[in-house]
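I'd like to ask you about the structure that follows.
Lettered A, B, C and D in written order, each chain numbered from 1.
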Amino acid sequence: VKAERLTFQVEGIVTALLTPLDSDGEVKEDALRALIDYQLANGIRGFFPLGTSGEGMKLPLATRKRAAEIVVSQTGGKVPVIVHVGTQDTGMTVDLAVHAADIGADALGAVGPFFYRPDTLGLIQHYRLVGETADTPLFVYNIPDNQGYNISPQRFGAIAAGVPQIAGIKDTSRRIDQLQSLVHTFGGQYTVIGASDALIFANFAAGASAHISMLSNVYPRLAVQIYEAIQRGRLEEARQLQFQAMDLRDVFRAGPSITPYKEALKMKGLDVGTVSSPLRVMTNSEVAALRSGLQALGRLEPIP
Amino acid sequence: VKAERLTFQVEGIVTALLTPLDSDGEVKEDALRALIDYQLANGIRGFFPLGTSGEGMKLPLATRKRAAEIVVSQTGGKVPVIVHVGTQDTGMTVDLAVHAADIGADALGAVGPFFYRPDTLGLIQHYRLVGETADTPLFVYNIPDNQGYNISPQRFGAIAAGVPQIAGIKDTSRRIDQLQSLVHTFGGQYTVIGASDALIFANFAAGASAHISMLSNVYPRLAVQIYEAIQRGRLEEARQLQFQAMDLRDVFRAGPSITPYKEALKMKGLDVGTVSSPLRVMTNSEVAALRSGLQALGRLEPIP
Amino acid sequence: VKAERLTFQVEGIVTALLTPLDSDGEVKEDALRALIDYQLANGIRGFFPLGTSGEGMKLPLATRKRAAEIVVSQTGGKVPVIVHVGTQDTGMTVDLAVHAADIGADALGAVGPFFYRPDTLGLIQHYRLVGETADTPLFVYNIPDNQGYNISPQRFGAIAAGVPQIAGIKDTSRRIDQLQSLVHTFGGQYTVIGASDALIFANFAAGASAHISMLSNVYPRLAVQIYEAIQRGRLEEARQLQFQAMDLRDVFRAGPSITPYKEALKMKGLDVGTVSSPLRVMTNSEVAALRSGLQALGRLEPIP
Amino acid sequence: VKAERLTFQVEGIVTALLTPLDSDGEVKEDALRALIDYQLANGIRGFFPLGTSGEGMKLPLATRKRAAEIVVSQTGGKVPVIVHVGTQDTGMTVDLAVHAADIGADALGAVGPFFYRPDTLGLIQHYRLVGETADTPLFVYNIPDNQGYNISPQRFGAIAAGVPQIAGIKDTSRRIDQLQSLVHTFGGQYTVIGASDALIFANFAAGASAHISMLSNVYPRLAVQIYEAIQRGRLEEARQLQFQAMDLRDVFRAGPSITPYKEALKMKGLDVGTVSSPLRVMTNSEVAALRSGLQALGRLEPIP
């Protein structure tokens, strides 16, 4: 018998959770729980742990599983958790997917396999094996800059048609025309989620039902306010809030990749530890630039 | 004495006018006048002739001047005319710019010099020579895919700071984050115009004051309706209209580049002639696909 | 005390060994041993197992270790073995590197960490941790199309200056000007190895001391003949042999990625099994195209 | 009747002649004649005036014609002259092509039309109109970075099959694998010319019959020596000479684009004037860096 289609709804700001790590690369459990509480207290509507922001694509599988368990447990069903289980390999992804389903993840996400760049038939094979084994709603995660190829609306359509567990797509192409095509072609049937914090406003305007944010780890209220302003039809207000988000993003460019977000949380009183190599800690002068940039924007308010 | 800064406002849908050509490559004057009347009767708020859609970058200078004269004369001041005068060369651009100013163009546009890809100092030199000779409000026209490099917000800032005639920028980067940065950094002081018909809705949402449209040559009302819906805060309506524009764009991919737009006007009763080589006419099967695509969308209504 | 610099020489054709796999994703030991014997009997001067061709970047660490052990044991010191230990993560790479050093690998290779794209400081940190832990000559492996960024000669210089175990670079940029720069700047001090089978001839002409070949898995003699022709100064002969290699490469495009190479070995009598997902087996019509292409070139001779 | 195929042979180093210009943008005739004499006295085997190095793509047509006349007259049949007549437009290209044929150019070159990026049918149409009007051997000039698309071997084959005047291709793709494919597929029937001065050695090694050089404007002997070393089978000598060419190229990066080449000729005693905007003259500090770089390499020897 043919499997039934799985669907999954999520709306508003979803945080691409950072993974607090100690210097041995182990999960800092208390910090992760505190980060989740901080998010829940500020209007976040879901979590996407272990994705790009969560360093998922390079953490050992055991570490990923441990972090996922903490997230599901601490969230306690208050908002949905979409555990990212993607890797470069189908076998490893299946392993993580089965684990996530077992511990009660509400849905799964899986990046297009990176390094090797499978063709469309390879992608269908990959998502089918993951989907049918875990039997949990599954999001395709498209991030062309890092995975090395684009999952176009047409390709997504081919994958979705072949894999009944596909619930939607998280598109980090940074191309609003592509997101719009996804909403136009698949909206209603599939859940289209936007990303890239320069585009929170644009994604919702284009019709995304949710936005997965990295910035919201540090500034959840700001991201939520953008969403709420659009929901109320206050375009000009949403645009001005988005400009604030862009100014913060510019300041976060003081350091490499994910590190400034962890550093900023620490400056605000929530010590989420460090990143693991090949990501690197910030130099002293980078830290100073980050601090003065955030200070200039008046955004070093302590986390209660 | 230092030159005073020039400014120029434009709002709503501006048509990137096609240039009707006969088989000798001469302007079809009657068709051009009819096309302008069709636009004016349907809510278009300005013209941008002789740009990419107008085949400006490859028409002989004499042909470009002739077409510009017809556009300015037929428009008769009813809406602003921004004549595109950009070329790969400063001298040719100055020649066209002086002509356009002389015949009464309201403003000028100039693409980043293509083929040779000048650095920022070269760009400032180019726009300064054009600006100070023509002494008319001048728009930088950024189209990375065709000119071979991006004029980033930072680069635009350097050009604008050095050239008092710069009135704003038309950004065809297709990147909403970049348009948003331009609006955030330069809005108020400079006029930011969007482009690319997949992004009419997104450009206005992001804060562009005008959108230069190719599609509006054929379907001016649809483009205007998107603008009006946003002005009235009707986001969902605007989005649905944008989806219609995307469906049309998909159909226009039946043939190469600009040709399908000319062909569609002909199908609707306005014969704007052909394109000049190296652009090419459509094959019979391409024409058939275009016709059946437009028919399927119910968009072959005759132009009165 | 400062660590002493390690160096490592290798010359001629080195095979980027395929990893024979059964349908459970386990190494087919007998096939791997037979493949190595086939190579050794045909003039191959070294092995680079577990790289891109060897599916290393997606095989589980345990499988990679098992395969490395078989390669080192079966090679028996007859030619050098450079075990590829690169991953997206420093910790995993260190784990593999220590193992490879322990089992007697002559040298190591490590791809630039993929997915996350570390900056130069991150790269130095990564290679330093790998190098100082394994204390074995280490090659930087640069493959921009797959890792998502280029390790330029300048970046390689920065890495090499900071990591005394760096013995050289394998450059798969497909840019002869870059390979030439590497030879010009670092030749003598570091070993520069070329790759990409369209460029066997060009790499040696440009001064690479070795070429890591995928084609040589199936056609070792042809690759070796190109090298030997250049060594003897027979440029025209080398060029004609390279043309043969290009014709074969064109035929191998009948299927996706690595699979056609495994399939061709099977057609020639050496069953190296299948690829693991997300790579995929060939369709029937792809297999037929491969077979008829190789037949047309007269290259289905059985492996003895 | 079908037109007969035209062929054209050229071998060795061909100089992509700079166009000496005065501050009004007019050709400095004496300097151009002196530059040609300098080239002829140093072993150059042909000229390619008015190409990218010759600022052809942005000079007014009248200036291009004037320069072409001087080149043909001063060369006096001693070596072949391939006049570049390409533009973004078919009509302008035909105009220049007819003129060049009339004044006795031995062959023509035409870049793939830039800015508008015609498809393969458009390219065939373009080259056919140019070829059949001028009826002179015609080279396709492929320079993807500037024209915005690649003319692949397959596309060149389609053009050549449709245009009997096509004599060959100048490939500035900087991809040796592509040049090699052109030699393999079309060598013998068509003349394959390489370019990019980092690849003089590699182009000849790959089987190009000629190389069009920019560096040879300033250092003709060095370029010729690379060619001669390869002709004599002295690979190591050729490689070392290529390294010298690369060191010079690095020094020429002290300023923008073409300008440093003109400046270096002036430093060596041959005043070829300036570049025209949007190219720009060098700043004082750029000139100083160029001078000290050339001095350090001992390459400021005066031109006799």
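Note that contacts are C-beta pairs under 8 Å (C-beta built on N, C-alpha and C of every residue); 3 or more make two chains touch, one makes a residue touch a chain.
These figures come from a predicted structure and were not determined experimentally.
Note on connectivity: the fewest steps through touching chains from subunit B to subunit C is 2. Centroids of subunit B and subunit D (each the mean of its C-alpha atoms) stand 34 Å apart.
In terms of their C-alpha centroids, the spacing between subunit A and subunit D amounts to 50 Å. Among the residues of subunit A, none is found touching two or more other chains. Across the assembly, chains come into contact as A-B, A-C, B-D, C-D. Against subunit D, in their complex, subunit B makes its touches with residues 25, 52, 55, 57-60, 87-92, 113-119, 121-123, 125-126, 129, 145-148, 256-257, 276-280, 283. Across the complex, subunit A is touched by residues 174-177, 180-181, 183-184, 196, 198-199, 201-202, 205-207, 230, 233, 235, 239, 242-243, 246 of subunit B.
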